[in-house]
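There are two complexes below, and they share chain A, which is joined by chain B in the first and by chain C in the second.
On to the complex of A and B.
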């Protein structure tokens, strides 16, 4: 049934339907209402036998999930920004321990300067952790991704944490009509969690053993293999979801106008507006297409190679930057298509710390590339000219 | 060894396996062991050489209390609490320094866990660096005795009082020198619902600079000098102490160990020894450790 709800609630409600056993969170600034919504459900006895724990920090919250997940529980947390990077030591550890933790990151900028507004710098800092990352475009997609995330993470071919990335403010605080799932649909799709291995006195196992040089590397190679297997598992799960829910969000990437000469590549909520911009440019007869990257980890190498095989120019829009190089989406996209496409890549980092990206602005960027006014390479777009004063 | 043993790589005379075996046996192996990074983890959990015959998890250095809280929450939610007790084994650095945040959180929420701090009074696994539980005057690699400084300046963090201040149901100190005391306290602790803290003094032969065969003797001297009082709190109230018949001067304890040996020749050594004696005297006074003639 469609209801107008906040982005936060669309997540919390879907989490409830997935029947997690342990939910643990810390409401740091920027505060995440997802866990408040879940706390309210807990207070009202709507979470079954689940334990809801208020942690002393995101570090503590993530650590509790490690213990709970290892003991055989389905777990959930939500965080963003400083909170995510405070969790980072634990999350790298959780991935190495192959714990199928599901978390939602409501993307926001990192300090300094302090900013509570949206960009993707926080989750990009976690891209090497061994955690699957999917970026959603709207609150319906966020809602739908929750059961899918559990199904992928808990698949025995995968067993890695799954992070759903949704734009802070732009999605989380927005009221949108969301077709809220019902328990029956989720139950038919997501079976109860049966851990492959868990802590029990009936069959004692050791988790988190240390590995000397003769064996450490094999564990890390196994993580890469699991991430590779996740590519297919995700596609199977996405397909099954489309059948169960009637909503098909596509594969790892979604390509609009595949025969275009010029493509815009982006992730997250800005894709909605870009779709409108691209549509209008096409109405002018310009050969512009759009690629929405949904799955960022594992990176959709084959899909991008195929989509960009005959492309002439690519405008890659990043919401973060790797200082000293360029935006991570651009870097990885170039690496993926190297030797497979002769397209020139225009890498633009935009919308940092909540900097607005209105329609005219996005249209201008694309138009400049279409009209040959730009050279390929990296640039920030949408910032003011200024001179840094070095004392 | 039934629950812990074959394959562990502790030094002969190390207090850690003594403490761990005593705890696991006291609980008949009905234990979910949560271990911080450190000596115990390194000597017992190498891949392929796991020495634990109970379910075991090691996550990070500073998070055993939170991991244990998570295990406990899972067992509760999954209705598996009767399977066993959730027991943390963490070193003094993991407890009093880097992990005190997660420890405080778990105590504050009063998770049903038993937290065992294995106190060997420094970061011994990495080669004897100072921790918050290193006593004053100890020469460590980060507080070395030099021409000017006589080892660590500053006190030993009072984790017992910190634990008591959290209002948890049971707090105690014990020592590897008295395994019956460990056993009794562990058995008693798990009868309480909520967070329990037992700090066990545990000699480190390499860090302390003692022969393996001296471990138990030195551990007992720490108790007999009142430098390491064995106490017990229930719901914030001191309920028992191990009385000392004839309290020994701290020098007897100090002179046995390389970590304190400089105090007997350093210009500021006398001052430090006096400070340690004062600390022991205060312990004796605070906890009423000295057995009075009429109490004998």
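On to the complex of A and C.
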């Protein structure tokens, strides 16, 4: 039944329906209310025999989840920003140990300067960890992704951590209608986790130990192969989800107006407003389309090549930057379409640290590209002009 | 279908419940069949600092998550916020300022030169009402009722129902009464 709930609750409720065995977290804004909701459910006896552990830090939380997951538990955590990068040492291990940990990252900027607001710099810092990453547009999609994330991560062809990225504040703090799943639907979709191998005193195993040069590389090649297999597993799971829930979120990317000459590419909560902007520009007769990237890892190479084959210009909007180059979405998009499309790419980093992206602003940057007022290449958009003092 | 999109901006001070005010109306609006979206503009999360939150009500799914720059309504939960914040910035022509204010609508209208700027003003002494009912200057439910009475976008019964679900026990009853009092008062003011 559709209810107006806060983003936090839409996540926590879906996690509960997935019947995790261990939830372990450390609070950080704007994530805290997810685990607060789960802690309340735990205290009220609504989480079955799940263990809820309040860690002393994100490092501790991730470490406990690695242990629990290696012992065969279905686990969950949520974090963001400094919390995510504090977890990173452990999360790189979790991926290498092939543990299907599911986590929600409520995207928030990184320090310094300290910012509690939204951008994608935190999850981008985890790009190379071996963790699947999906970016959601609204709280319904966040809610729906939780069972799908477990199903993909726990598939024996995959066995890698799965990170659902949802924009902090813009989604987490928003009250909006969400069709909350019921237990029956989730149970019919998501079977209990049956680990391929797990730690037990009856049959001792070691995870992630010492790999000298003659064997280390094979483990890493296997991770890449798992990530490659995840492409198809995800698509199968997405399709099954559409059948079970009646909500089809599409594949790795979603293309509006595929016959367009100019495309805007974006991820996350800004996509909704962009869809409206693009629709209005279409009504003016401009050949503008929209590509929403859902799956960022594995990167949707084939889908983007196909979608941009005949495109003339691409406006790639990044919510982060790799200092000294440009935004990661732009970098990867260019790399993906190299040799497959002659489109010029306009790489714009926007909305850092919660800088708002009003409709006029989005429309303006697209219009400037459409009208040929811009040159291809990298730029920040939406910042104030200032004179930097070089001491 | 008639396409409507109503955008509301709430100004208050940390601790008065400006965020909850927008949230209550999002829940109430949805109960009446609208699509709704509410979200706060978070700043330094301290009691007493100016706080802003937003509400959108529409008859189609809401995709815009940018801040509200041109509100149809501005709701002010604390009269002193108006001393430091230009609460009516971007308020649409023909829009309305619904303010917790110790004096009458005409006084605030004159002070803000509202007639020249083309917006309506309706005031209610929400601090006094909240102090009497709750013993605390938490004005959110009063202003939610005032918004309902001034705009008639959401029925009194719906807001009362939501408030009773939101709060518990005696607090629910006290706040429900405040909503009703403010709603009826504003219906008179905005006749």
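Convention: the second predicted complex is superposed on the first by the 388 of 391 C-alpha atoms of A that agree within 3 Å, B and C clash if a C-alpha of one lies under 4 Å from a C-alpha of the other, contacts with A are read in each partner's own complex, and residues count from 1 in each chain.
By definition in this document, contacts are C-beta pairs under 8 Å (C-beta built on N, C-alpha and C of every residue); 3 or more make two chains touch, one makes a residue touch a chain.
This is a predicted model, so every value here is computed, not measured.
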When chain B and chain C are modelled together on chain A, clash or fit: fit
Touched partner set for A:28, first chain B, second chain C, both or neither: neither
Which of chain B and chain C A:356 touches, first, second, both or neither: second
Partner chain in contact with A:166 - chain B first, chain C second, else both or neither: neither
Partner chain(s) touched by A:275 [first = chain B, second = chain C, both, neither]: second
Chain B versus chain C as contact partner of A:177, first or second or both or neither: second
Which superposed partner A:56 touches (first chain B, second chain C, both, neither): first
Partner chain in contact with A:337 - chain B first, chain C second, else both or neither: neither
After the two structures are overlaid on chain A, angle v-u-w for chain B, chain A, chain C in degrees (C-alpha centres, nearest 10): 110
Touched partner set for A:4, first chain B, second chain C, both or neither: second
Chain B or chain C, by number of chain A residues touched: B
Per-pair minimum CA distance [chain C against chain B, superposed on A] in Å: 28
Chain B - residues contacting chain A, complex: 29-32, 34, 41-42, 45-48, 50, 52-60, 62-63, 66-80, 83-84, 101-102, 104-105, 108-109
Complex contacts: residues of chain A adjacent to chain C: 2-4, 6, 30, 116-117, 138, 169-171, 173-177, 269-270, 272-273, 275-276, 356-359
Of all residues in chain C, those that touch chain A in their complex: 19, 22-23, 26-27, 30, 35-40, 42, 62-67, 69
Of all residues in chain A, those that touch chain B in their complex: 21-22, 24, 49-51, 53-57, 59-61, 63-73, 75, 89-90, 93, 97, 199-202, 204-212, 215
